[in-house]
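Same chain, two partners: chain A is paired with chain B first, then with chain C.
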Partner chain A sequence: MGYTLNRQQADALLAALSKDYTVYAPKRFLNQGRYSATDVIRYAEVERFEDIVWQTKSDYPAKEVLTPIQQALFYFTEDEYRESKGPKKPILILARPCDINAQHIQAKIYAGNGGYTDLYYERVREMVKFAMMECCGGDDTCFCVSMGTNKTSDYSLAFKFSDDGVQVQVTDNAFASYFGDLPQTDYTPSFVEENELKVTVPDLSDKEVRKALKSHPMWQEFNSRCISCGACTVACSTCTCFTTRDVIYGDNPEVGERRRVTSSCQIAGFDQMAGQREFRSTAADRMRYKVLHKFHDYKARFGDSHMCVGCGRCTHRCPELISISATVNKVSAAVNEIKAGLAQK
Partner chain B sequence: MMNPVQPKPCTILDVHKESAHEWTFRVETDMKVDHGQFMQLSIPKIGECPISVSAQGDGWLEFTIRNVGKVTNVIFEKTAGDTMFLRGPYGKGWPVDQFKGKHVVIITGGTGLAPVRSMLNLFASQPDMVKSVHLISGFKNEDGIVFHKELEAWKERFSTIYALDNDTKDGWRTGMVTAFVKEIPWDSFGGDYAVVVVGPPPMMKFTGLELLKNGVDVEKIWMSFERKMSCAVGKCGHCRIDETYVCLDGPVFPYTIARDLVD
Partner chain C sequence: MNHDINVKKMRLNCFRQSKVPGEFMLQMRVPGGMVDAKYLSVIQHIAETWGDGNFHFGTRQTFDITGIKYENIPAVNEYLETYIREVDEELCEVDMNMVAHEPHPWDPKSGYPTIGARNISGCVGNYHCICGNINTFELARKLENIIFPSHYHIKINISGCPNDCNKAHLCDFGIIGVSKMTYHAERCIGCGACVRACEHGATRVLSLNEGIAKIDKDPCCCVGCGECVRACPTSAWTRGEKPLYRVILGGRTGRQTPRTGKMFLNWASEDVIVGVLKNWQKFSAWVMNYKPEYLHGGHLIDRAGYKKFKELILEGVELNPECMVAEDIFWHETEYRSNFNVKPIEMHHTAGPQA
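Moving on, here comes the complex of A and B:
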């Protein structure tokens, strides 16, 4: 089923959907960017068609709907823990294919790893349906085609936005009723088939190669470039790491909550235990750890895909202009050099 | 839906001061734990930390803790009758079934003795379970010695070498545990042995190398790791090393895996 809606009809659709779903989409927040007089585009509840930012990629990923920067796990009063409550209303997330694919990656960790299902992820995930936003091409940091994440079939609705309105494909019958008697039109979403940027992920299946790569001098560059701020992992569509923090409510020290707060392997102290030294004490160590997780370790554990959807947000947000695609290409060069060296032995 | 990070309240039955900085807390619980597994100790308003189970009995578990962090400092303020929250047990413990009928060599550094204490007590109470137990236990100095009574009792049951790194003590040796590896009668084992190593990371690294230097079979060595954790169920990412999660795949690892893990 396909429909073509003008702006007014699109607003009416959004209003009708909002009755049954909490609808999240990329939204522009004026003057809230990191530099003066710049905006930030991030996921938030939308109520009007014009709130939806479809023209450019959001600065922050759709994962924030499922795994917010911080959330309460338990509330405690004196010696009692009470579990926080999950959403009651179903959720509809408008997301590009990269962000939808990212959820399949996050789910492997949250809902599968070690046989434990994370309650806080799962109780939101089972309420979520996706409305895919047809991607109008991304930008010069995108490389979804290289990562195989440019396409998805995991959506209930597909939208192609324009200034005049939106074309819609309905793939989930649960949504058919929202379109009433509107005349059907042909719309099948298309996917980005080529990015300006191309990345070749090196083959790291050889243990000796990996071992040599870990101590390769290429990582030293990041000691002078990376400031270990963690902006890349916060912007990442797939990063899952968090720390739990207990917070006491100001005026009553007996009452408070246990929170889950987004954490980053790029920040000093991520691996530090009480009374002990850090294992990864330099920016180079931490960058190596992150890059190998994204482009080897995750896939080695879970099999299907790498832990990167090529959304380019980490490159976009890095205040030191470190490009993940350039970094992967440097890894490829280092791997070729290592393999040539091993072949000579 | 089950919440794997829900802590349960437990009553502290006893607090025993092993040393100035290491105390053993006995906690009332029916939870059953494999030797070498760990639990998350939880204090509302402060936080959680992973601690290995240092002994277990009917209706209780023990944890031997050093007060070095936010959570452990608060635990040290607790006394018998107070409440402590627990969740777990988590991780893979010692492969005790694989040790049965073998000569078992256990090498520990400092409080690294805690994660093997319950297994040592098992071997002490059921001497037919293994052919022999050789224990090398090292501590930095006399103040750092824990489990005094058991160390004495194990002398009767096992072949023991106790050592202080630099200090001297009657009946004790002086030197790092690595120095005594060569004194284990490896040749008399006929290849039928298993080796357990626990201690600070440098101690485990050099003990591993020393074992290999003494011709010990790399496939017969086991180590237990300690890493920062928030969740202990493979979600928070703090303990991940390469494709391995210490909370899920460890804390006990065969040396063939442990030696290749690069943080």
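Moving on, here comes the complex of A and C:
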């Protein structure tokens, strides 16, 4: 089923959907950018068609809807506690294919890792349906095609936006009723087939190569370039790391809540253990850990894909202009050098 | 060579007397220090046709062309018409037929009608700079038509942020772009990047509240620079919707009593800045008994006293709710000669209408 809606009809559709779903989409927050007179585009509830930013990629990923930067896990009073409540209404998320594919990766971590399902993720995830926003091409930081995340079939609705309105494909019958007597038109979403940017992920299957890569001098540049702020992992579509914090209300230590708060492997102290021991105490170490996690370790564990979906948000948000694609290319060069060296032995 | 030139008249026309008798340096206004690069060919043409081929960046961001012979000044002025019309009349919407808000027909072939209010200088501001809170030259262009043309002096320096690269602290009326930040606690991951940024580059007003892993702020001492916003990896700190301004008053250099300016207004809106500057002519005229003389703005405030200045300059200005005004200002001058101000009473300056 396909429909063509003008702006007014799109507003009406959004209003009707909002009765049954909490609808999230990329939204522009004026002047909230890192630099003055720049905006931030991030996920938020939308009420009007014009609120939806479809022309450009959001700064922050769709994961914020499922796993917000901060969420309450439970509340406690003396020796009693109560779990926080999950979403009251089903959720509809407007997302590009990269963000939808990212959820399959996040689900592996939250609901398929170590035989334990994360309740707080699961109770949201099962309420979520996706409305796929046809990607109008991304920008010069995108490399979804290289990562195989440019396509998806995991959506109930597909939208193709324009200034005049939106074309819709309905793939989930649960949504048919929202279109009533509207005449059907032909619309099948298309996917980005080629990015300007292409990334070749190096083959790291050889343990000797990985060992040599760990101490390769290529990482040293990040000791002076990377400021370990964590903006890349916060903006990452797939990063899942969090910490928990107990917050005491006012001056009564008997009352409070336990929160889950986003954390980042890039921030100093992330891996600090008892006795102040750290595994990765330099920016270079942390960068290496992140890059190899995204382009080797995750796939080695879960098998099907790399953890990076090629959305390019880490590059886009980095205040020091460190490009993940350029970094992967540097890894490739280092790996070639290492392999040539090993062959000579 | 025998010259009979009224150099004061030349100065008023923005031609500065050279140590070589009969030669002058043209000072072209560049409000906010930003114009289309196409005007570089205008400078080159003037310098190579009538000047000595050289060009100096004026310390107040004027285009200065040296070595112009007196007899060539009419030709230079005629050529300047296009530049003055495009930059002052069109870009800054200056009414060239007014001087100090009084009708005064301008002969477009005669060059600048007055040097009075000096070129408004500006850092590059948020047009380019990652620290800037405001667009400095857009503000300069809005203010140019309030203060120019006028025979009364005022030096305005605009800095995009409290780092004050353009030295708002060293002019009559220094404007600094600031912002009141909003803290979105729900986006804060408690990483402490803003705390370190504020400690390193600003006024140390942030601290990490270990109990809740959120940020505490001492809003009183925040300078509104936005370093916290730049440092934050999650957009938990954002700038306020509208840029605000700090005004640093009465700074100056000079041979007698150089001093750093002091804060006059904080968190003022653009409307307040515009309103205050609209009163500048009136204030200056009052202090000098309605006879403009070659005296910089800060000295006028000295003569009137800060409280009188405040009364006249804020007349009819509606302050935005956030705006703070200095109740008093105590400047600290470099005394090249001790007790500089102690002198026979007949040498004292007067202020206000004289009988």
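In the analysis below, the second predicted complex is superposed on the first by the 342 of 345 C-alpha atoms of A that agree within 3 Å, B and C clash if a C-alpha of one lies under 4 Å from a C-alpha of the other, contacts with A are read in each partner's own complex, and residues count from 1 in each chain.
In this text, a contact is a pair of C-beta atoms (placed from the backbone, for glycine too) under 8 Å apart; a residue touches a chain by one contact, two chains touch by 3 or more.
Bear in mind that the values here come from a model prediction, so they are computed numbers and not experimental data.
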Tell me which partner A:Asp79 touches in the superposition: chain B (first), chain C (second), both or neither. first
Which chain makes contact with more of the residues of chain A, chain B or else chain C? B
Regarding the shared-chain residue A:Ser263, is it in contact with chain B (first), chain C (second), both, or neither? both
Once the shared chain is lined up, is A:Arg34 touching chain B (first), chain C (second), both, or neither of them? second
With the two complexes superposed on chain A, say which partner A:Lys207 touches: chain B (first), chain C (second), both, or neither. first
Contact-wise, after the overlay, does A:Pro319 reach chain B, chain C, both or neither (first, second, both, neither)? second
Based on the superposed arrangement, let me know which partner A:Thr244 touches: chain B (first), chain C (second), both, or neither? first
Where chain B and chain C land on the same part of chain A: residues 245, 248, 263
Residue numbers of chain C touching chain A in their complex, please. 126, 130, 132-135, 177, 179, 185-191, 193, 211-213, 226, 229-235, 238-241, 243
List of chain B residues in touch with chain A within their complex: 1-7, 9, 44-49, 66, 68-72, 83, 85, 226-228, 230-231, 233-238, 240, 242-243, 245, 247-248, 260, 262-263
Interface with chain C, chain A side, in the complex: residues 29-37, 40, 42, 59-60, 68-70, 229-231, 234, 245, 247-248, 261-264, 267, 317, 319
What does chain A use to touch chain B in their complex? 73-74, 76, 78-79, 81, 83, 109-110, 113-114, 116-119, 121-123, 207, 211, 214, 240-246, 248, 253-254, 256, 258, 263, 265, 270-275, 279-280, 285, 289, 292-293, 296-298, 300-301
